[in-house]
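Labels for the chains are A, B and C, by order of writing; each one numbers its residues from 1.
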Amino acid sequence: MSTRADAVRPGAVIGWRPRLARRTAALVTIGLVALAVALVAGVALGNVYVAPADTIALVTHRLLGWPVEVTWPASAETIIWELRLPRVLTAMITGVGLALAGAAFQGLLRNPLADPFVLGTASGAALGAALALVVPVQFALLGFGLVHVSAFAGAVLAVAVVYRLSRLGELNSLTSVLLTGYAVGSLLAAGLALTMYLSGSHLRQIFFYLLGSFSLSSWPQLAVGLPIIAVGSGVILTRARALNALLLGEETAAHLGLDVRRERLVLLGAATLITAAAVAMSGLIGFVGLVIPHLVRLLVGPNARLLLPLSALFGASFMAFADLFARMPGELPVGIITAIVGAPFFLYLLRRYRSGYAL
Amino acid sequence: MSGADLELRDVRLAYGRRDVLRGVDLHLAAGERVALLGENGAGKTSLLRCISGLARRHAGVVLLDGQPLEEYGRAHLARRIGVVPGQTSVAFPLPVEQLVALGRIPHEHPLRGPRQADREAVATAIERVGIGHLVGRDVRELSLGERQLAVLAMSIAQQAQLLLLDEPTVHLDLRHQVEVMELLGRLAVEDGVTVLAVLHDVALAAHYFDRVALLHDGRLVADGPPDEVLTTARVRQVYGVSAEFAELVRRRVGGGTGG
Amino acid sequence: MDASHTQAPRPQPVRGFSIALLAAALLVGCAVQPPAEPAPTPANLAAWPRTLTDDEGTTIELAEPPERVISLSPANTEIAFALGAGDRLVGGTDFDDYPSEAAALPDVATFTGVLLEQAVALEPDLVLAAGNNFTPPDDIERMRELGLTVLVVYAETVDEVLSDIALVGQALGADEQAADILSGMQARLAEVQAAVESVPERPRVFYQIGSVPEIYAPAPDSFIADMVALGGGEPITTTDPAVFSISVERLVELDPEVIVLGDAAYGVCPAEVRTRPGWESMTAVQADALRPVDDVIITRPGPRLAEGLAALALAIHPTLDLQPPTDGAVLCAEGSLAR
């Protein structure tokens, strides 16, 4: 390569770099602040009023083990430590996982409408959960019952079926993958409808599972769900280069040195694992996996090295806030809040996308 | 940096029962520029896929700098061979400079990301191709010609030693066709990059390339200077056009030499 | 009040006493009762602590009479008030409607489930939940994990409703009051039984649970089907215990002689039913045997159930020799027979 570097300073020709760097830094700051606020607000606020002094006292007592005199009521401690704290943390980790899974599916399938549930995960999990609810078998292990295990299995199986049917392992048309996912999802949804019809008194439970809720979050549940989602999220975060390579399609990605088949499998596996765990813990919560990556992409572009961490960051605080708004008035299913916020926002994004954008 | 030496020996490829390549022998020395011509379905794209490593189930040998392709790791191969696609589809808004930056992926560390050298290569590529004025714009908004230049810049940023181009001038207006061809010329001359370009425009190929390889029905029927390869008879045989038309092409071809 | 109920099971004599009392209440009916306690404080202290088994088979242990009680179903709320423990209720549901004081209770359960933070914050000694998924089982489990004492009641038959009232009475230490209620209900039930048996007809009765968007009928062997049978009718049911809707064709084929409008409280009155296409062929429509009822007293497994049965019996046999119910709303001004 001829040495024309003396005539070119990267920043000079490409004026975008400092601007993007500044914007990224600003977004990281905002994201971290939002996360902190979400954590504090999520613990301090809720259906029941707990005096801030009590909250602070008991949290520091629990966390740091300071020998403070117990001045707060036992019910406050239960509410803050057993109900709110695991709930906020579950919401955050779910937000991280779904946002990353959404970004991974969008990049993998090269489709802006992809979200974590695009390959039939939602219907598979819902059907698994519904079946578990109507089956008269009870078991509970570490805060997980038959419903959770069944939902997890349903989600994973649905994707496995789609994978096999569309032969995703080979370099095949992505449209056929999406259509297969849609078809399998529809089939499972039909099964779900039938189960709901025959479910009798369980109908309400199934229905609220479909809308998603963090109301049953607990420490034991988090102890199982968090590692799964964390591992899956970690894997996706290391796949930034692969997702970038896939921006122009799989052939170009192969030409850029990517082992496309392996990356497909890794991304698909990690995203599915995350989604299955999230759905098993809290039901179907839509829009987060769809909207957050788009929002971040709008602000910093499709470079996965920025897109993924920022999506994770904003996914966490978005979900925590959504849960807060869901539980303040009563106990609305959080999926309703994410839909109310996410749907109009998505429409707005579509309009922006049509006209493109300039960084 | 100089070009790669490419050699194909008796390369055969079949899709199912259909023979696409029936024993192709081709040699490009480092820094050579060759245009690959032939009718639709002759096997040009398949030949490129054998060289780029996408079509792995071919018989025969492909040697890059004397070593069989199979012995190169995927990433290593990507650092030596750059493939310029003729058509690109982008699902998301993609700024031009990020498209060019994709060319650095074979050189990037998976976790640490691009370094100063990578950023410089991108900037250099953008300036060489002359698309600095397009920086910041969404690739999907560009004209096809501008987009092709951006893709070419991506391959330049890749700093490959062998450039494979599959019909890079399709959909381009005359001005951009010329720009692309001249750019290829400069790359070969200044950087010594080996270039193999599949072209459909016979006259364009004849004008800009010193050497033309004619593929017909899975075999190389001719390989040499344009006026020697593109005889009336050959053009008739390969493209199946009438004698008068072939003569027309012949006259246009004969009117110029490689640039 | 500290809600620690994790004590070793108490010796048998206490259990025996409770069972004896229960037996007395159910079997003796209007017979002699133990002398009424003059003071309003619940129960004889020697009877505590108590070990009870709820309707799901879970063992509940109560060290002393609960002072703070939460009800998670309107039926349980009614039972608690009827047992004289209304002043001990600290939380209810957002659809408690009887007695009128119940609506003022803080809401702990809504349609979506239990507000766990509210439940915990109210520091209850006892939570009265409803089985068969009325209170979400996950919420019940979570409350128990958080250290609350939860008693789950669920009745599938009229007799089970009575034993549930006794159970709640035991749990609240209101055994005498429970016995009073039960004897009254038993008497009324016997009255209805006698009146019904004196009439030879057993008309085919379709109890309409709902009609939007489909027609909802009682499932075979369901609570409502049992009530209809006790009320002197032959219940028309769906085809399967898991199915709750019935097609119009099937209804026409089965040809009810009486249609009891269980959804009258939601605005479905005889006038509307008469105009439904295909219904005019039914005997009940032709004979104008369309009887609106207050479904609350008929279906709610609480202390007003006996009156509900009376109302249902009168809806099925309007000329029955029976005192009209003292509870329940009057619905659909025209043609109402549930006086």
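In this section, a residue touches a chain if its C-beta (ideal position, glycine included) is under 8 Å from a C-beta of that chain, and two chains touch if they have at least 3 such contacts.
Bear in mind that the values here come from a model prediction, so they are computed numbers and not experimental data.
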Self-check item: Chain occupying the most central position, where position means C-alpha average
Solution: A
Exercise. Could you pull out the chain whose C-alpha mean position is farthest off from that of subunit B?
Key: C
Quiz item: Taking each chain's centre as its mean C-alpha position, how far apart are subunit A and subunit B in Å?
Solution: 42
Quiz item: Can you give the whole-Å distance between the Cα centres of subunit A and subunit C?
Solution: 43
Quiz prompt | Whole-Å separation of chain centres (CA-atom averages), subunit B against subunit C | solution = 82
Quiz item: Do you know which subunit C residues sit against two or more other chains?
Solution: none
Exercise. Using the touch definition up top, name the residues of subunit C that touch subunit A in the complex.
Key: 110-113, 115-118, 120-123, 132-134, 136-139, 141-142, 145-147, 241-244
Quiz item: Residues of subunit A touching subunit C in their complex?
Solution: 46-48, 73-76, 78-79, 82-84, 140, 145, 198-202, 204-205, 208, 213, 215-216, 218, 327, 330-333
Self-check item: Interfacial residue positions of subunit B with respect to subunit A in the complex
Solution: 1, 52-54, 74-79, 81-83, 85, 88-95, 97-99, 101-103, 105-106, 108, 110-111, 113, 116, 119-124, 126-128, 132, 135-138, 140-141, 158-159, 190-191
Quiz prompt | Interface residues, subunit A side, partner subunit B - complex | solution = 1-2, 4-5, 7-10, 13-17, 106, 110-112, 238, 240-242, 244-245, 247-249, 251-252, 254-259, 297-298, 301-303, 305, 353, 356-359
